[in-house]
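What follows is chain A paired twice: with chain B in the first complex and chain C in the second.
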Partner chain A sequence: MAGATSDRERASTVRPTGSTALVWAGAGVALFALEAGALATFLTGMVADLFAFVPPLGPAQPAVATLAEWANAAQSAAREVPTLLSRETIPNGGYWNGRRWVGTFLGLEPALAWAVRVALVYGYAFACAGWAILGYRLYRREIRPTDWSPRDDVVDRFRSHTWGKFGLLVVFMFVVMAVFAPALGPTTVEQNMRESYSHEFSYWNSDAGEVQTTLVGQANLQSQSTGTSSRVMPFTYDDYNRYHPFGTLPTGRDLFTFIATGSRISLIIGVLSVGLSALLAASLALVAAYYRGRVDLGMVLLSDAVMAMPQLLLLIMLTQVLAETWIGGIYSGAFVLALIFAGTGWTYMWRSVRGPALQVAQRQWVDAARSFGQKPRVIMRRHMLPYITGYLLIYGSMTLGGAIIAIAGLSFLGLGVSPPTPEWGRAINLGQDYVTTGSWHISLIPGLLITIVVTGFNALGDGVRDAIDPQSDSAGGAAAGRGGGA
Partner chain B sequence: MSDAEPLLAVEDLRTVFHTDREEIHAVDGVSFEIRAGETVGLVGESGSGKSVTARSILGLVDSPGAIEEGSIRYRGEELTDDSWDRHRGDIAIVFQDPGSALNPVYTVGNQIREALKIHQDLRGAAARDRAVELLEDVGIPDAATRVGEYPHQLSGGMQQRAVIAMALACDPDLLVCDEPTTALDVTIQAQILDLLAELQREEDLAILFITHDMGVIEDATDRVNVIYAGEVVERAPTDALFENPQHPYTRALLRSIPGRTPPDETLPTIEGEVPTPTGPATVCRFAPRCPDAFGACVEVHPDQQDVSEGGDDRSAACLLHDDRYPNEMGTGDGTDGGGPDERSVAAAAENTNYGAVDHGGAPPETGVAGDVNGQGAAGGVDDVGDEGGGEI
Partner chain C sequence: MSRLTYVAKRFLLAIPVVWLGTTMTWFIIFMGPIDPATRLLSQGQTRNPAAYRAAQEQLGLNTPPLEHYLEYMTNLLTFDLGQTFLLYQGSSVNALILDFLPRTLWLGFWSVLIAVLIGVPLGFYAGMRSNTVADYLASFGGIVWRAMPNFWLAIMLLALLGSLQGMIGVSWQQFLVPIDAISGSPDMSRIGTVDGFLAATKKVLPAAIVLGSASMGNEMRIGRTAVLEVRNEDFVDMAKAKGVSDRALVWKHVLRNALVPLVPIITSEAFLLIGGSVLVETVFGINGIGWLFYRAAIQGDLPLVGTLMYVFILMIVGINLIQDLLYTVIDPRVGLEGA
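Showing the complex of A and B:
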């Protein structure tokens, strides 16, 4: 899919004209307009959530309450804006009334309607990616005053790195799944899991030969996958005309919805923890490399001390201790997990970027900047940081895979993200009793997905590393070692 | 020395690097002065401490190195960690390799503007215009285009011009040029030297010119300090130095300039290499390689001796010029005949770690003196006599 997109772009940019930029900008506006409502809903929702989380402070309280109200109002207004990729535009929930499907998109059967929506979502995402790639090329060929910059080689090397591109594709599809989770699932978490007994739906009762209504919770009880005799396998309908692309959980809930929503939490914890680690690791590495000597030694000791702590025990202890506090409640405990991962994980990244940072600190342009009186903070940011961001990307990408495994592992053990919130590791846990039975799909599918996604992140890291440093297989390690010994 | 306050006075500068294994006295008691508008050379072999001197002056010595002693005064004000920051930009530096002195991820103009922002508080269009002007001043053609280009798009000579423009953006009074022409080919070298001379005339810059190239020193400087193993061994006005070098090391350096040897002769070299000074100097560090060394050279540390002639102000740190240590040339001559060569001095020096000499039970001084004198007569001590340098 990506290959086809980029081929088309190549053809369209062979002969750039002055109006290309305009066309490109127009395409951007069109793409944005399709999902403007969703974006507005997301942003206003985030603001509303933020206000809801502000701890009650004395004098500012009324003002905060008013702002929260406005945010909520804005969110409901934004919800009204029609978007292309919503389940309202392309509904897949409907029932068979004996002659035809009622309530589904164009009267298609639910499986097809769902497939159309998923295809549209991914089509839209790839169109956006293509648009961004096209914009980069346009910038590189027409807008940028210079013909070549050092970053170009990195991009070009990555483009010829098949394994890295595979990783990028996997990561991209994973991110799209997380971003569009509510639109991708055949049903919603709200309806199917959290409040299944307050949602009713209609279905075709073949025994009675008529359309009846029932509660989602009641229907779930009849759709459980608990062994060989009673199961709803992937790509099948249950007895209530509901389509389950990945089958159902032992509770009768929809596995695909569970996984799509679970990808969000994996991604959020992963990105948050890796982002925080990278921030800590980069700032400390820059400071250590710039000042060297005692500062560096102190940080080595600090990181060794943090590394010496048993991470798993610390995780279990802190999640228990903080479970009842306000910070433990943020996003079902995911925030605390991210903080703990960041607090214990930065040391490995710090060790990896310290070598390159020490190397760049020895470069003459750093001395030149010092000689004309540039401030240390600016020197670190302007003249040193650009040289370690590549390494941060590599290690960040690899660590992210590790973080996803760690979160899944914790959920598998019954720790970490608290139960109502879907998490991949918990799906594996729920299915482990049925692995040897006919309901093998419950553990297998999330397990496979975790493997693929983590492989994707590692492949992306490999690709980025080879792109940044073509000799990294031999010279990179030696160079880092040299820097570390300096 | 001079009636006016010198622009920069370096006095007894000692910069020491503390490594895990040893202490390296990279700069060991260097003193010199630079007056406004003049060019002072600092010449020596690789590893003699030239660049560390430059870095010390700019306050760029990093851990594990530190300035242990001595003073650096700029316009009479002692440069300490605080006052350095105030005088940043008054002293600017041009590095040896322009390719690595420019950050490859920023355009040339961007880097010049960075200095302009700090020192002249120029931003935006004003800074850009000034950057173009500076590039024009250093002789970069089509400066308006070049200002937006990355360092790799410029040739080596252009890059060095850009580095000089960057240094000028600080509006300095003193430009420290640390081997500014070493990485460039000969024709470009000449252009850069011309440019520096021109800038000096126009802007009344003082220049500290650091190089290992005696030819460049002869062309570019007014006064020279010859540095060896962290110590200044001879200082003199450039012309006087080239006419009549007083230190054996300077003589050896001058002999090894290619152009000065007849084409069919082998170019003389100085055997051995610069020792790494791992402790305070207690003896003459050049003695093991010195053709004129005699007994006292491996026992006493030579002080600067005034060897001025006429109006020149010059000195050399060599016992040949120190009346307290009469060079016993001739007295012991003949006892050893052709005698051992200078290697025996080196060996003696190493064996004894420049300390007391144990030489076959004989009293140390006479023992070594005897050894050396034979060799001294065979070496270049006669030259000193001829030139009359030894008499002062």
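Showing the complex of A and C:
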């Protein structure tokens, strides 16, 4: 099967020359150049944030301050680097001056300008993905010395798994939304939500027949969605010529910006917590499988005890207890949420990985390595871990969907991520009272998005499972994908 | 190892689980970064040393940690759960739990039942007609149904029921069995009468559907796989060759055997039901213990939170034990593997 595909691919090669790799690398540089400014801003911004977060350290204080200044200077320098996919290059915030649109991209109406930007962002992301896939094929066909490796079969199986590819597509689009959140929204969190009363903008006042300026906060009060008579529906303009792809919140803020920014925090908490719990689950499973006996029994009891406390209730209890500590303040409480999630969620993953780990521990090569005098740590890492990483991927993908549901559930209850920071669950909570009125979009859209994204993560997990281990059926992973019943 | 010793062993293993769980709860609440005593006091009272000392004394926080821990554990063990401090101030926790628990159990009972009654037949149907349009529709529906957040589904269902009047002309409240409101607590006092039973059932029905949604999707999926597997077994071919009618083949040979892997799934769903009850009870306004837990947590009645966690731990460990018992009844091989 592998041979057949590679023959087919060989036949479809564009040019059988050695310059393919160079062309590919050139395309990579071109793609990077388009977004170099944004990347530089992001990296320098992160360094600047880090220095701003360093607590006063006494003697080292002046040095830290200098470094922080440098970081800030670097960040503002990076902002000057032009980027294709930014709201400065393709602005959608403009006004109608009675004859034409002013300040928007090419004088298009705001909706079109925004659509162009979103299309470009996704086009760029898919181009990057295509570039990576081409690179992988190039590597497999021309650069790699061997013709076939066992991993090729896994990749090929996944490529023929439609449901898994659908999941990958959904997950990819979600990740792109989170990564490009500031560029995707029709407005920014800063301007529209956090400091709406320190930003001004111009609009066409049709009653007066002239262009006037007003504060964003003032305009928001006039564009609230609070029922049937006063509402700004999806894909419409409000009274101030501002375009709202998903309508507005009851506070008059833009729902799309809220959701795009909220996807970031969901993704960060999800990835962080799943990564941590995978780490914890893998190391504990390896230790339990290697030593067996009492160590294994102790861990079974510990995980049973953690599982005996319903995960969602444990989350509620711990977010309450840790809310006022210093750790609870990092990144609007998202960091502590990820930690709690990892601390309560590793048990489900541990359960699923323990079986395969126990099987691997009985293989002959583990015995051989032991009699060779290798240290237990090395045996676990080098001879056992590679055989369970696949399972970690499967359950990781399914747990991520559950994590997104659980985080949304907590913010729905008003716990977890603290209020000014956008989170999908809070949008559902804000719109709860208006579902039966004309402003039904506030709760409906975030809920639909959660459903789609979680389905995507589950589908990706299914696809990865079938690719790695075609015989298995991970019904046991079902509980993991539900975020403790939220 | 006989079945009896297997069950006995599981029972013995459940004791350290309960102990570890309650110990962790005690540690988080009383040794954690929050002083439970200040949490109990209102803004003005915190500055009053006498009130603070009284609260500390009530909680037993002025005793050494080990002594406090032992006393706490003894109290839990003997179900001497004391009184509440903030929520329903001063009422006995025992009475409170006895008052709230039946509503949660009623909700849980119906959500398990509905999930089983809808999910299993749908999964069997999809499995019997595998790879048809109906199968794909059912399977896809199950997957999406499972990915929906419960709390969102609850809001949407409430909105739908609320606008039923405009759509079909009969409001949900008046439909078949009259009830006073779409959401709210079921009336558990008249459960013995036919009317009371129907009214209480109808009241929790939407909540039960939402709470059971995740399990429904799971049971469907597993039911489908189970039927597919059993259909390929030799004994089915044998029965077919023997001339057993299609009807008898499906009901007696395929479905009965496909039920076996489903039973443990149904009990393990209880984890999700108990966790999800907090959100569903909050949205539907049902005064169950999930709702009580949430209120206690956000109002800062941490001792009550700990006590309720103990109740939840007992419930889950109990369900696990029942599952083990059922295992030995359904699948006699379980105790014999020596696992």
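We take it that the second predicted complex is superposed on the first by the 452 of 486 C-alpha atoms of A that agree within 3 Å, B and C clash if a C-alpha of one lies under 4 Å from a C-alpha of the other, contacts with A are read in each partner's own complex, and residues count from 1 in each chain.
The rule we apply is simple: a contact is a pair of C-beta atoms (placed from the backbone, for glycine too) under 8 Å apart; a residue touches a chain by one contact, two chains touch by 3 or more.
Keep in mind that what you see is a predicted model, and the values were worked out from it rather than measured.
Colleague: Following superposition onto chain A, is the placement of chain B relative to chain C best described as a clash or a fit?
Modeller: After superposition on chain A, chain B vs chain C: fit, no clash.
Colleague: After lining up the shared chain so the two structures overlap, which partner does A:Leu106 touch, if you call chain B first and chain C second: first, second, both or neither?
Modeller: neither
Colleague: Between chain B (first) and chain C (second), which does A:Ala369 come into contact with in this model arrangement: first, second, both, or neither?
Modeller: After superposing on A, A:Ala369 lies in contact with chain B but is clear of chain C.
Colleague: Just to be sure I read the superposition right, which of the two partners does A:Arg292 touch: chain B = first, chain C = second, or both, or neither?
Modeller: First partner only, chain B.
Colleague: Does chain B (first) or chain C (second) touch A:Ser149, or do both, or does neither?
Modeller: first
Colleague: Any idea whether chain B or chain C touches more of chain A?
Modeller: C
Colleague: Report, please, how wide the angle is at the C-alpha centre of chain A between chain B and chain C, in steps of 10 degrees.
Modeller: With chain A as the vertex, the angle is 70 degrees.
Colleague: Using the touch definition from the top, say if A:His383 reaches chain B (first), chain C (second), both or neither.
Modeller: In the superposition, A:His383 touches chain B alone.
Colleague: Applying the document's definition of touch, where does A:Leu313 land relative to chain B and chain C: first, second, both, or neither?
Modeller: second
Colleague: Contacts for A:Glu324 in the overlay, against chain B (first) and chain C (second): which applies, first, second, both or neither?
Modeller: second
Colleague: Tell me, in angstrom, the smallest C-alpha to C-alpha distance between chain B and chain C in the overlaid model?
Modeller: 7
Colleague: Share the list of chain A residues that count as touching for chain B in one structure and for chain C in the other.
Modeller: none
Colleague: Touching chain A in the complex: which residues of chain C?
Modeller: 13, 16-21, 24-25, 28-29, 32-34, 143-144, 146-153, 155-156, 158-159, 162-163, 211, 214, 218, 221-222, 225, 265, 268-269, 271-279, 282, 290, 293-294, 297-298, 300, 302, 305, 309, 312-313, 316-317, 320
Colleague: Could you please specify the touching residues of chain A with respect to chain B in the complex?
Modeller: Where chain A meets chain B, its residues are 145-146, 148-151, 291-294, 363-365, 367-374, 382-383, 386.
Colleague: Taking the complex as given, what residues does chain B use to touch chain A?
Modeller: 55, 58, 60, 62-64, 85, 88-89, 91-93, 95, 97, 100-107, 111, 114-115, 118-119, 148-150, 152-153, 163, 166-167, 169-170
Colleague: Any idea which chain A residues touch chain C in the complex?
Modeller: On the chain A side, the touching residues are 301-302, 304-314, 316-318, 320-322, 324-325, 401, 405, 408-409, 412-415, 425, 428, 432, 435-436, 440, 443-444, 446-447, 450-452, 454-455, 458-459, 473, 475, 478-479, 481-482, 484-486.
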